[in-house]
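You will see two complexes here that share chain A, one where it goes with chain B and one where it goes with chain C.
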Partner chain A sequence: MATHEEISASLQSFCEGYKKNSKLELMNRDWNRVIIIKASDIDSQHIMTLRNGELAVVQGVSDQNPDLVVTSDSETLADLFYGDITPTEPYMNGTLVIQGSEDDIVRLDFISLMIWGE
Partner chain B sequence: MKRVVSISLGSSKRDHQVQVELLGEQFEISRLGVNGDFEEAIGKLQQLDGQVDAIGLGGIDVYVYAGERRYAFKDGLKLIEAVKSTPVVDGSGLKNTLERETVAFLLQNIDIIKKGTRVLMVSAVDRFGMAEAFAAAECDVTYGDLIFTAGIPYPIKTLQELKEMAAKLLPEMTQLPFHMLYPVGEKQESRDEEKAQKFAPYYYDAEIIAGDFHFIKRYLPDKLNGQTIITNTTTAADVEFLRQNGAGRLVTTTPVFEGRSFGTNVIEGVLVALLGKPSSEITPEDYLDIIKKLDFQPKIIELDN
Partner chain C sequence: MQLKKVLTLRTIVATSAGLTLSSSTFVAAVQVAGFLAGDAAWLAILTGGLLCMTAALCFGELNGMTPSAAGIRLYFSRAYNEQLALIVSMLYMVVIMGVIGAESYVLAQVLSEVWPAVPALVWILTMFSIVTVINLLGVKIAGGFQNALTYSLILSLLAFAVIALFKADFQLTGSLATGGAEGLVNAVALGVFLFVGFEWVTPLTEEVTHHRIVSRGMLLAIGILSVTYALFTVAMTATTPREVLAGSPIPHLLFARGILGEAGVTWMVAITLAASITTFNAGLISVSRFVYSSAREHVLPPVFSKISLRFFTPWTAVLTIFTIGLAISIVVLVTQRYLMLVNMAAAMESIIYALAGLAVIRLRQKMPEADRPYLIPGGYIIPSICAVVFTGLAMAVFASFPIVLLYITLGLLLCTWYVKVVVPKLKLCYQEKKTTTRPRRRPVSGEKTRFD
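Coming up: the complex of A and B.
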């Protein structure tokens, strides 16, 4: 089981990876989204916001309607955002649940692969 | 009589059957759509296994390519594994040969491809041979893989960048359900209005729009301005649809039988049946040789508006 702090650190690492890849800002400037990241086994919630290609993450509960809700156990979330695992396998086996449109799910998968892919 | 059947994840509205004679052999060629029902496709493949001379898989890619690397879609492999004895092909083997030849034919025979011609390939990893041929002809190519597959407004402009993106994305993306990346079933019959509007500038800016017809059709904007479309899998209704939507010319890469340009999977199935050897042993030279014997050439239809 990962802690809330570990999930926060993994999300920070994800944000740093995003900022290092200059193409991602260009690619996502049309994709303004609010994404909730929620652990299913501990009390931990984060809000990831993409606006004009810029990505930001804060702790806490959103007062906006999210476009995507990403839910998994704390360990999977930390592994995922540190890039130790890709989202596809936990998504396909149901460990990782993403509520939102299929187009948005593909887009989030794409961002993750652009940061951590081969 | 040799029988070749294509099982397609696409709409059953496009089902068709023809009889043709090729190199002295009678062929019955049919296409059966399962409207996106994956389990039905597996059932039909199992029924046909051992009963026909070759099976094509339509509406899905099993293999896509970027440079020397090949990537396999998990869903496509599941379909192939349902067939134990009959040769089964997805068209990717033939695309690499036939579509490269199509660009060469157009370069030699008609004046529509030249250095700097603006080409939009709606997707290139499923037609890497064609993508390389356009690049070799020094066309100004936009590879639309990210735009039309993932909805990301990022035109890829070089084969090198396409290969790098493919290496990052495809090992994982190919594990997703195919319908998340490609229109299957009823989606093939409708336009994605929002994306058609959003991505229209890529269509309007191109002189040639090439690639998978279902992608071209799903994101086609309201009115083209005389562009040449290079594709296949078109019906007589599709030709009329393109004419009404302002396309200037249609080039189909596969031969037309009874007004219908079948998918490359069907034609690859026919060639495999004619060659009479396992598809794994067939080389690009085998395909080139038999294409020449059959005198398969691209069909060009002028769509005067």
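Coming up: the complex of A and C.
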């Protein structure tokens, strides 16, 4: 089981990876989204916000309605945002649950692919 | 906390019915009527719809347990095992490609009838190119547009049926005279094809407020389609000679011309185009997303996970499906064996529904404590009926068309070989590449991260 801090660190790592790729900022400049990341086995929640191509992550509960809700066990979330596993495998076996439009889900996977590679 | 955008029941019904309505369903409807004596086609269609409702209930329970766009891949993986789920999903995708081939053939024949100077191949190429470009650009059919399109289609079909029945001063004769049990079973088996694709709406489960909406939407869509198809088929066979309809890939166009002349042809061409483009689009999206996600989990070569940096679409997967779909369509155009693909889809769909019924039973035994937001009432009765009846219907198709059994068996063997031999090699190759080129990023437990 991963800790809340480990999930926070993985999300920071994800953010850094995003910022290093200038193409991502350009490609997502029209994709303004609020994404909630929730651990199912520990008390941990983060809000990832994409606005005008810029990505930011904060801890805590969101006061606005999200576009996407990403829920999984803490271990999967930490591995996922560090890029040690692809989202597809836990998604296909049901460990990773994502609520939101299919296009948004695919877009999030594309971003992960561009940050971490295959 | 609620999602910003959620889909309504109206859109779920429209999507489920819209994905099911295609040009090749008219051909299948005529085949259904051909198995029966008198005007009993409605009986086979309504029975087919009722049976599909048992499958819809099973999909509803499975979808509630595991609400995911991964659909049957995930349900079957939990109920049976990962390998079987992958084999069945791959074969299903191949059959969907076949349906697209049959669909393109029918649509090309319709357009060639109206504009005979343009060869059918040009129409096929044009349609595939349009849908491929739409997919490459990432343009989606909006919910409101899908609603308008589907409900207009259904109303148009009902209007055609009512006009035809009034014009012919129709009297129902031999409405229950099926001409024998064998004919009825075959008609029902083929009647299942009329509803192929109603369950493709389950990926939208991540976009609704409650999973129950998807289950209800599927049932409503099947109910509406059952009545529409039953009326339309009875009207077609009552007003146009059966031998003319049965020998043609465009029975609905002949029917429309007979009822309303050239105005009817124009109206029917518009209906056919709308029905086909939505089916084409849905088929291309489903298969290309399956190819992309399979590549992402290293089940297919990594080349299929390439994405367009401009449009965020899996372009290699889309272009691959374009090439395969075009090749299948050309083969269908040359051989004119579109009915074989229709029968193949009916058999495959029956197998999928039988497996869904069994999956419900297995999961209730394997995971009795799992949360089930939607539970089929009546215990094991409905899932058992679903499993037994659809197994029987698949067998009926195989008995009537042994070539279908041969092709499905070959496909099954090929997919099994791929999953058991090639997939482990691809995964091993990926693991080796990953361990040599990319160390694990996440610090081991206890090690301080640079964010501490």
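Following the convention adopted for this analysis, the second predicted complex is superposed on the first by the 117 of 118 C-alpha atoms of A that agree within 3 Å, B and C clash if a C-alpha of one lies under 4 Å from a C-alpha of the other, contacts with A are read in each partner's own complex, and residues count from 1 in each chain.
Quick note on the criterion: a residue touches a chain if its C-beta (ideal position, glycine included) is under 8 Å from a C-beta of that chain, and two chains touch if they have at least 3 such contacts.
Treat the numbers as computed from the prediction; the structure is a model and nothing was measured.
*Asks:* Figure out whether A:Asp30 sits in contact with chain B (first) or chain C (second), or with both, or with neither.
*Replies:* first
*Asks:* A:Glu6 contacts which: chain B (first), chain C (second), both, neither?
*Replies:* second
*Asks:* In the overlay, answer first, second, both or neither for which of chain B and chain C A:Val106 touches.
*Replies:* Both: A:Val106 reaches chain B and chain C.
*Asks:* Name the contact category of A:Gln59: first (chain B only), second (chain C only), both, or neither.
*Replies:* In the superposed model, A:Gln59 contacts neither chain B nor chain C.
*Asks:* Which one hits more chain A residues, chain B or chain C?
*Replies:* Looking at chain A, the partner in contact with more of its residues is C.
*Asks:* Taking the superposition as given, does A:Thr49 touch the first partner, chain B, the second, chain C, both, or neither?
*Replies:* Neither partner.
*Asks:* Is A:Val97 contacted by the first partner chain B, the second partner chain C, both or neither?
*Replies:* Touch partner of A:Val97: chain C, not chain B.
*Asks:* So in the superposed three-chain picture, is A:Thr71 touching just chain B, just chain C, both, or none of them (first/second/both/neither)?
*Replies:* neither
*Asks:* Across the two complexes, what residues of chain A are contacted by chain B and by chain C?
*Replies:* 23, 27, 86-89, 91-92, 102-103, 105-107, 109-110, 113-114, 117-118.
*Asks:* What residues on chain C touch chain A, complex-wise?
*Replies:* Touch list, chain C to chain A: 1-5, 66-70, 73-74, 77-78, 82, 138, 140, 203-204, 206-207, 289, 293, 296-297, 302, 305, 307, 309-310, 312, 430, 438, 440-443, 449, 451-452.
*Asks:* For the complex, give me every residue of chain A touching chain B.
*Replies:* Touching chain B: residues 23, 26-28, 30-31, 86-89, 91-92, 102-103, 105-107, 109-110, 113-114, 117-118 of chain A.
*Asks:* Show which residues of chain A lie in contact with chain C when the two form their complex.
*Replies:* 5-6, 8-10, 12-13, 23, 27, 34, 36, 62, 65-69, 78-79, 82-84, 86-89, 91-94, 97-103, 105-107, 109-110, 113-114, 117-118
*Asks:* Would you mind writing out the residues of chain B in touch with chain A in their complex?
*Replies:* Touch list, chain B to chain A: 146, 150-154, 167-169, 171-173, 175-176, 180-181, 198.
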